[in-house]
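Before anything else, here is the set of structures, which you'll find just below.
Below, chain A partners chain B and then partners chain C, in two separate complexes.
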Partner chain A sequence: MTAVIEARNLSRWYGNVLGISEITLDIEPGITALLGPNGAGKSTFMKIMTGQLKANIGQVRIFGQPVWNNRHIFRRIGFCPESDAFYEELNGLEFLTGLLSLYGYDREECLTRANRALELVELRDVRERPIRSYSRGMRQRIKIAQTIAHDPEVLILDEPLSGLDPLGKRRIIRLIKEFRDAGKTVVVSSHVLPEVEALTSEIVLIHNGKILARGDIHFIRELLDSHPHMIRIKSPQYRELARLMAAEDYVLNITFEPEAQAVVFETHHRDRFFNRLNELVLDPGLDLEEITSPDDNLQAVFDYLVER
Partner chain B sequence: MREEIGRVFSLYFFLGKKSGRARTFFLLSSAAVLMALIIRTYRLAGHWTEDGQVVFQNFLMVFFLQFLIVLLGLFYGSSIVVEELDNRTLPYLTSRPVRRAAIILGKYLAYLSLATVMLVFAVLVSYLILNLDSEFRWKDLLTVLRYSVILWLGLAAYLSFFSFLGTWLKKPILVGLAFGFGWESVIQYFPGTTQKLSVAHYLKSLLPQYASSSGKLGFLFIRLEPTSPSVAVIVLAAIILVFLALACLIFTYKEYLFED
Partner chain C sequence: MAEVREKGYHHWEGQLRESGLVFWPITRTGIKLAFQRKRFKFLFALSFIPAITFAVGIYISERLEDFKFMAQGAERTLQVNPGFFKTYLSLDFIFFMILLLMALGGAGLIADDFRHKAIQLYFARPLTRLDYLLGKAGVVVFFVGLLTLVPALVLFMLKLLFSGSFKFFLDYPWLPLSIVLYSAFLMVFFTCYILLASSLSKNRNYVIALIFAVYYLSEIARGIFYVIFRSPYSTLLSIPGNLQRVAAAAFQVKPAQAVPWYLSFLVLSVFCLLTFLFLRRKLRGVEVIR
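Moving on, here comes the complex of A and B:
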């Protein structure tokens, strides 16, 4: 398949701070997710892709054309920025028709397209309410509506699921999949693995401005599963729990926190660990007050992958 | 390009009308009407005996020429990019199929139109309040028209200069305040050619009867060594065009980053 987006040796600095470094990537039609912790360089990459920023080195091309200051390409791209920013004094319909008018559509066409986009994101009923009165989920959806209203071939969505409730997330995920089914190229960024898993199997891992790995979800999952996980359990019987778990070969390390009546386990096999934990809750009937994962975030996983 | 400017103009004229800033500036412009009412009341009570035309000219000089057009130009011009950065709405504009220069020109024209409406309203109403009596002739309105055109030229020049600052500087408002109410207020009273380095000098040169201005505020005209009206118009037009071109050039090639 021909690449729609081609990035070649892209590097970008903000003064002394590195944004992205030597990113070379081809993106084809379908959904591609950029996964990485906050500050990894996802947004910088997206801003370069949409002509908001210039690369210090390298170039990005969409449909074979450079993006920076190329207004013709913007007719074919829809960009959903990360920031929760709007012309707050406008209502949803005015916001969309105003932005659509920048494409040169007449009033009638603007209204038709705006209403269609509002319908797709299920905001038609509130289109005449000021945006400042919208909930977080509605604001996220109106942002997506402005991305799709001109029917672009490429959608670049920076953290489109952030701040949404589960129902809102499901709606947006369904919508994004519909764009994929319509043959569009969708690039989505996220720092939450389960969100990305729900969207696509094509993942690009970004960390510290570099592409760490690229592959389908199974490949990424394997990488992540090899990361030793920390699990903290608070229980009045924390010493007994530690004694029973110490016998398991997948438990790598145990640390006690006597003041909090807690114990922290380090394991390579989360699934086996939790299966055993379930058994211990049933027999001998250990009482567990709280289970948390101190490093259960993408940053810890990425740090591990970088050190490996 | 013209069509692209038109698209941006329509959007920002609409946005501008709905903004709280427009209401604030409209109220501020209306302060001139209020002042005119107070002066008229004083005149009716016999406390102010000067001719309405003279009062208006002094009034115009102080409030409109040295305050309102500078303020409107400063706040609309310097916000041309900064408001998009502060509100983080810039990507909505720069990811659309319009030239960056068209964004600046469209916004400039939208803001100039809004400010013109406020200005003309305040000038016309305050003139009528001060001069509408039994001796009023409709052809006196030609004087208002002349004043309005001069003020409009000043507004367009200040707006152009401050738009240039707005595209160039991160915090244009401080530099703008220093220029608008520092440099402009002082330099116009310097003798010789130095005063020609202010926009206000060319505007004053266009005002009728500047030299014979006799009211209580006539001291504002001292030291004016006027430029001929035709040269003054050419210089003002050049200021508008040069600074607009620079603003477009900067916005086309400069990257704008959000604070974080």
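Moving on, here comes the complex of A and C:
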């Protein structure tokens, strides 16, 4: 497949701070996720892709055209920033029509497109309410609406799922998948692996401004599995739970926290661990109050990859 | 087998506007938002009091016989000449109202975009930094023009209308051009002044304080320097003082101080140029490290 976005030897630094370093990447149609912890360089890369920052070295081309100082290419790109970027006094419809008018559409076309985008993100009913009254999920959706309203072929979404409740996340994930099915090229950034897993299997791992790995999510999963995980479970029957889990060969270590009525397991097979946990909840009927993963972040994987 | 994807674009057959007016939607939104602010409409209406007063003055000056009982001793004041227009266009009240209206409706022009991080929304669209600046500048130009250029030209027309002849125009054929040029100068200066202030903080209240503080502190600084050095050139420090001298030159009226007008013009022009360069640099990109 032909690459829609081509980045070649991209480097960008802010004074002495490195943003990204020597990133070379081809992105094809479909969903590609940029995965990395906060500060990894994802947003810098996205801002260079959307022509808001100039790379100190290298170039990004979209549809074969350079992005920097090429305002015409932005008709084909939709960008959803991570932060809220609104005029709070405007209502949803005014916000969208105002931004659409910057593309040169006439008023009627702006209204048609704005309404269509609001319909897609299920905000049509609240389109005349001021944005300041929107909930977190609605704000995220209006941001996505401004991204898609001009029908771009490339969508660049910076942390589109951050701060959303599970229902809101599911809604946005469905929407992004619809864009993929409509043949668009979607680039999504995230620092949360399960979010990315729900979106795509094509991921690019970024850390400290460099691409560490690129490929199928299963590759990352394998890395995760070869790297021990900590899972902390709070339960009134934590001793019983520990006894039952101790029989499993993938449980490497068990630590008790009697004051908190919790137990911390260390395992290198997270999926198998959770499958077994599900069984234990159903069969002996263990009562679980809280499940957390103290090290369930990408930093552990990145550290592991860097060490390799 | 590879997944077959549906292509769901909505092609538009209309004509995209590719003219130099790409900035107009930004200006239009800025004007609309200004009028949505509390008390803005009231203050906007209030700022036309001088224009109405001057219009009445022109009417009375043409009917002095009818208003003899009222206008005793005021003949000199009611004399309509270039100085009359200079007085209108450099009234402290007009400058104050420009500052007040722009503090309410213009302080957030760039500050709000920085606060809401909306700059990235603009620059992810087919818009250059210059388009963005022109769009924001358009808001200030609109209001300053409505308070200066439009009333001054209307006053000129009223003078011709009430006198019932073109004698005034024939006496001062250069006057309409002076009105246009000086008003344009005010528009450029106040645009740079307001946009610079608006770009210096994300907080609208700080910007409002800055707009008034710098303007009036410049006049205080002039006073202090004058007391110390006794030099008329200390007046170059004062924003209203410089505007007054350029106005005097534009309308061929004797200035209050014997300081060449072109020095005042130079001071204000250099300020505008530096502001433009600063703004271009400031809007270079969204420098966020993540």
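Keep this in mind: the second predicted complex is superposed on the first by the 247 of 308 C-alpha atoms of A that agree within 3 Å, B and C clash if a C-alpha of one lies under 4 Å from a C-alpha of the other, contacts with A are read in each partner's own complex, and residues count from 1 in each chain.
Just so it is clear, contacts are C-beta pairs under 8 Å (C-beta built on N, C-alpha and C of every residue); 3 or more make two chains touch, one makes a residue touch a chain.
Just so it is clear, the structure is predicted and the values come from calculations on it, not from any experiment.
On the superposed chain A, the two partners chain B and chain C do not both fit; they clash. In the superposed pair of complexes, A:L167 makes contact with neither chain B nor chain C. In the superposition on chain A, the chain among chain B and chain C reaching more residues of chain A is C. In the superposed model, A:Y14 makes contact with both chain B and chain C. Look at A:A247: by the touch rule set out above, it reaches neither chain B nor chain C.
After overlaying the two complexes on the shared chain, residue contacts for A:L282 are found with neither chain B nor chain C.
In the superposition on chain A, A:L53 makes contact with both chain B and chain C.
Of the two partner chains placed by superposition, only chain C is touched by A:R116; chain B is not.
In the three-chain superposition model, chain A touches both chain B and chain C at residues 14, 47, 50-54, 71-72, 74-75, 77, 79, 81, 83, 85-87, 89-90, 98-99, 101-104, 146. Only residues 3-4, 7-8, 10-11, 14-15, 18-20, 87-100, 252-253, 255, 257-258 of chain B touch chain A when the two sit together in their complex. Within the complex formed with chain C, the residues of chain A that make contact are 14, 17, 19, 29, 38-44, 47, 50-54, 71-72, 74-75, 77-79, 81-90, 98-99, 101-106, 109, 113, 116, 146, 151, 153, 180-183.
Note for the complex: chain C touches chain A at residues 5-10, 12, 14, 16-18, 22, 25-26, 28-29, 33, 36, 112, 116-118, 120-128, 285-290.
Note for the complex: chain A touches chain B at residues 14, 47, 50-54, 69, 71-72, 74-75, 77, 79, 81, 83, 85-87, 89-90, 94, 98-99, 101-104, 146.
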